[in-house]
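Chain nomenclature is as follows: A, B, C and D, assigned in order of appearance, with residue numbering initiated at 1 for each chain independently.
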């Protein structure tokens, strides 16, 4: 019996657009999904660009009008990888048209917008997904399972960061990422580590923020210079509902760092250490190991860590970044099929947005803020 | 203008069969190939198995008769991922039918067979590829470029190994991999590091081998036990044409190792160190760095290391094992299109087989053997 | 011509007492000091303990009365490794007697006490040293030199921590380290990373603290339980005078960590990463390396990094913890000889104490505090 | 009651001379030795040099005549750190004079000489020690204990090397280390890893050698050039008495390596990995760890690993190279006191020399050689 089709419309064909398509084409081969996925329509800014993308990416149709893509009754799922400022309008239109929506992070510049989006999706009954791909890593699922099952004992501390250096050059021009509404390193990168923090340790209840701008002005790209108000580094101290304390940092001027999405979790009986720089490994310290034999052990990803085994039957072969995107797609598609709740829906995206704003407010007000 | 189609027939649907399909579906999205790839027919041992595989993997047709697949005029390229003993017969049949052939390693149990295969392919004018995927890593291309361009100076030493532990359990039964004809750790795993050695440092001229069986008998899978004659560890000392010396080891009882395909290369002006356990990194020591600041530097894979940038525009995001397979497919397909020589054709596969046999002979005769 | 003698009196014979003696006996062999060092008298709590220590450690005399040791005109330098609460009284007595004083950290429970001690020493004209040994590492001197010479460009960020797990067991009893006056993880361990932060990046001007108690009560060692008010984790955000921002953490419940005195420093042109877990290495990222060859390079300690070469003429052989103490002693003794200012005198110890208190106050008041 | 004195005469004041003195002065403070050690006399090539060394190092007397040092009835133990060619004559003289002898490696250029030395010492009844300091590391003792106690199961494989780059510069002149009698990388550095191999895995029974000269001539230091016959790289395959197989490499042209004394040991139940570059760590893979939680665990040196605790009561603080020398001295001195057999006497030094020669012969004859 043929599987029902899930017909996909993609808006945007850049870095994340390609990653989505990678996910859509890989997920059905790796996972036993309830739906067949069909790449129906791709939208880009011009007809030519869209047509070229359709050809390269394997979409049946193309358009320069994203509204017509959303309106198309032959589209079931809309993937949004357009610039951040457009996320809200596109998402609300897609939701109104009854489509499932897969939107890249951040959901919207402001938590209020994100709330409107989450509310709309739930009211309309469509499924949603926000692209927080790092939490799709089997090693993070392993970490969460170990924490949940008590292997670390009572959780006491979390230390996380997401640092890159792609804004470290003071001569690189200001972009939409420096927009005071929704911009900054905390929103851009710190959001990832906030997602990881709650994924692993549960809800954060209070934050104390410190957002700092180190590069005070940048070229405006038109020969002039523009003052920068958004943070280059955003940090926070954390209180979790479970009593643990912690800290996070988002940093886009960390010279030399390309993907330092790292964390350590300390419990009363064990600890975990992880670096996205070597994301097929999880380091585990067990307080239960015998004396003189204790130490952080380097667990390499393998078939024991679902869904790794669906990609490769042998351990140590490693997943890549695009594979994480395939896992993300699979999770979303099976949520659409009703197999499980949305792994990271708009409500979860709103949550991250709220945490970011709470930290920004805390930083401005110079005091702890409840979330 | 539509691209010409390259219609694919796949024989075998296991670990490597899946990896090939991954390659065939990913490569056209990542690379700008001259051909469109079409998954036409898949063959498995029964009609049902083949039909199921076709559905899961996206092939249009299926068959339990690999000969009919090869005979099908609508097939241009035959992928062979069946058990090793069948590689030769299937390859020769496909070559005779004028198909391009993509065969998993080892090409054949014996070098003589491999030679017959390489000769046949060249005589018939079809293109071939053997699946030595580790050399498809952009970091190995980087290493080779650095060596070729003289960044390391005169090459003096190579130390390589490929160690895993999947045969470390003495209670795991004998398989076809223990077949005296073509079996053993050297042929299975050492072959990979021999490929890497010549990929980086050029032709090996002499070998001194040491093949050892540590687990002298194994369960036969039918309640009895069977003596084992093939090597669990195969080692060799090497002399390269360029004057360098070196050593390799293939080992399938290296407890705890899942993918220790590691090497170090020493030159007069610099050195490289690599581990497949962290295969998105290459460690480079430059003798030219100023005093007091010298050290192995950890280069992370990024868009500067082609073709990484086709998978991801940002550095540090990392490729996975299946991505290496996509690079392998792309290289083969573009060779079929005449864009460049075969990256690792049957002639190259024969070369590895010859090296393996020379080492085995050297080990038996206990003396150096010219290659 | 014989060197003048510097006659040493040691109070306390535990962990740090042994380390001081190691320093006193090793320093003169490794360094060309202006003084000959003589182990004159050791004081412990009983006559027997002191006599045994004298015999084992090589002191000529022993006493159970530390006041007589200080009063002895044949003593030039008093080493204080007694419990923290006694540091002030002993130091002031020694200063009053005109002795040079080498006191283990923390100088005193409160900054006010530390100030009194620093003032007294300066008024009396004696030299002082506080035992912040980690900054004696040649790799930290290298880091500081690289920062000072501009190799990293403008310094933008510092991230440091000192985490151990020796208080992670909730069943381990309260000690003097849990005393509300002067106790806690921030004072005990965070003080080290504050010393490193200012050693590398210069003065800190503002702090935002977060001190948390995770283990709310502990055994009192007499069968009962006692509530704990001191922090198990003390964190702070930092503003440096040079414009850089940063963060530190002191943590004594970081399960699995034994000596995680780690830092990263980010500049506009390069970065450094260091871990005390591998303290004979400094990792350096140079933005000036050519494209495609950039990465953190692992500089191993060697004769290029003074004073390593005095310990060993070959690189890569490594210093140990006790060697750091010998470097500390040598620096102090040469300061006494007038060769250079005190490397880490009581004024510097007071500075650390002030930073700790500022962070503690900030944490209580929940706002930024100027230092 | 006073301890009996062991009066020491040292010949040679270079790198190793200093290291011996470090050992003699540190060992009695760290260990509870049966003897008091007294630095009596030091010999160097001139009176002035010897007098200066005595002053710096703390010897009571000095001499330019090593024969008089040996003849001195007030000397009990003679430490020999003079050039290799002198080891035999000095040792035999000291043995004849009834002194205990502590001689740096290699014992002698040829095994026959080493045998004469070992025989003489045993005939005379004096105790001897050869300076193979790396095996004094508590982490190697841990490794040996784990192997001996069966934690790794049946031992199947050893892979070891000792690589440095101090001869990598083709422009550095020939030295006594290039002397065909006793010279070469295998004898100089490979000897260390042979010592480690047998320390851990027991006797080696057969070897297959490969010694290669890569830098065929060097400056002679007098303006001319001299051909080089000794090996820059010496390798061997090994068969151990316990059935394990293995390989070693000694290499002094391994660009970038300063102290790559590394090994891996594979057993049927576990594995160990070690690098001298981080010699306060031992990496242990236990096949008994539960599924999904397996991995090499990084054991940090601490008080659980005797004699670390005598140097420092807290784990993770780390020993340095000179501390290994102190452990070596302590072991020798207690052997003199009759507490245990000589840890690495002349008989053991002869053993290493025999292994080196067997490998050299095997390399020349191009066949396996029994040891």
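Basically, contacts are C-beta pairs under 8 Å (C-beta built on N, C-alpha and C of every residue); 3 or more make two chains touch, one makes a residue touch a chain.
Nothing here was measured: the structure is a model prediction, and the numbers come from that model.
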Discussion item. I need the common contact partners of subunit B and subunit C, sorted by label.
Written reply: A, D
Item to complete: Determine, using the mean of C-alpha atoms as each chain's centre, which chain is farthest from subunit C.
Response: B
Worksheet item: Over half shared or under half: which fits the residue numbers at the contact of copies subunit A and subunit D, same or different?
Response: same
Worksheet item: When the C-alpha atoms of subunit B and subunit D are each averaged to a single point, how far apart are the two points in Å?
Response: 41
Worksheet item: Hey, how far is the Cα centre of subunit A from the one of subunit D, in Å?
Response: 54
Fill in: Rounded Å distance between subunit A and subunit B, as computed from the means of their C-alpha atoms
34
Item to complete: Could you check subunit D for residues that touch two or more other chains and list them?
Response: 257, 294-296, 300, 302
Practice prompt. Could you please specify the touching residues of subunit C with respect to subunit A in the complex?
Written response: 152, 156-157, 159, 161, 168, 170, 208, 210, 212, 214, 232-233, 235, 237, 243-245, 247, 249, 251, 253-257, 264, 266-271, 285, 287, 294-296, 366-368
Worksheet item: Okay, in this complex, where on subunit D does subunit C touch?
Response: 15, 18-19, 21-22, 25-26, 28-29, 32, 56-58, 164, 166, 257-259, 276-279, 300, 302, 311-323
Worksheet, complete the sentence: Residue positions on subunit B within touch of subunit C in the complex are 142, 281, 283-284, 286, 289, 291-300, 302, 304-305
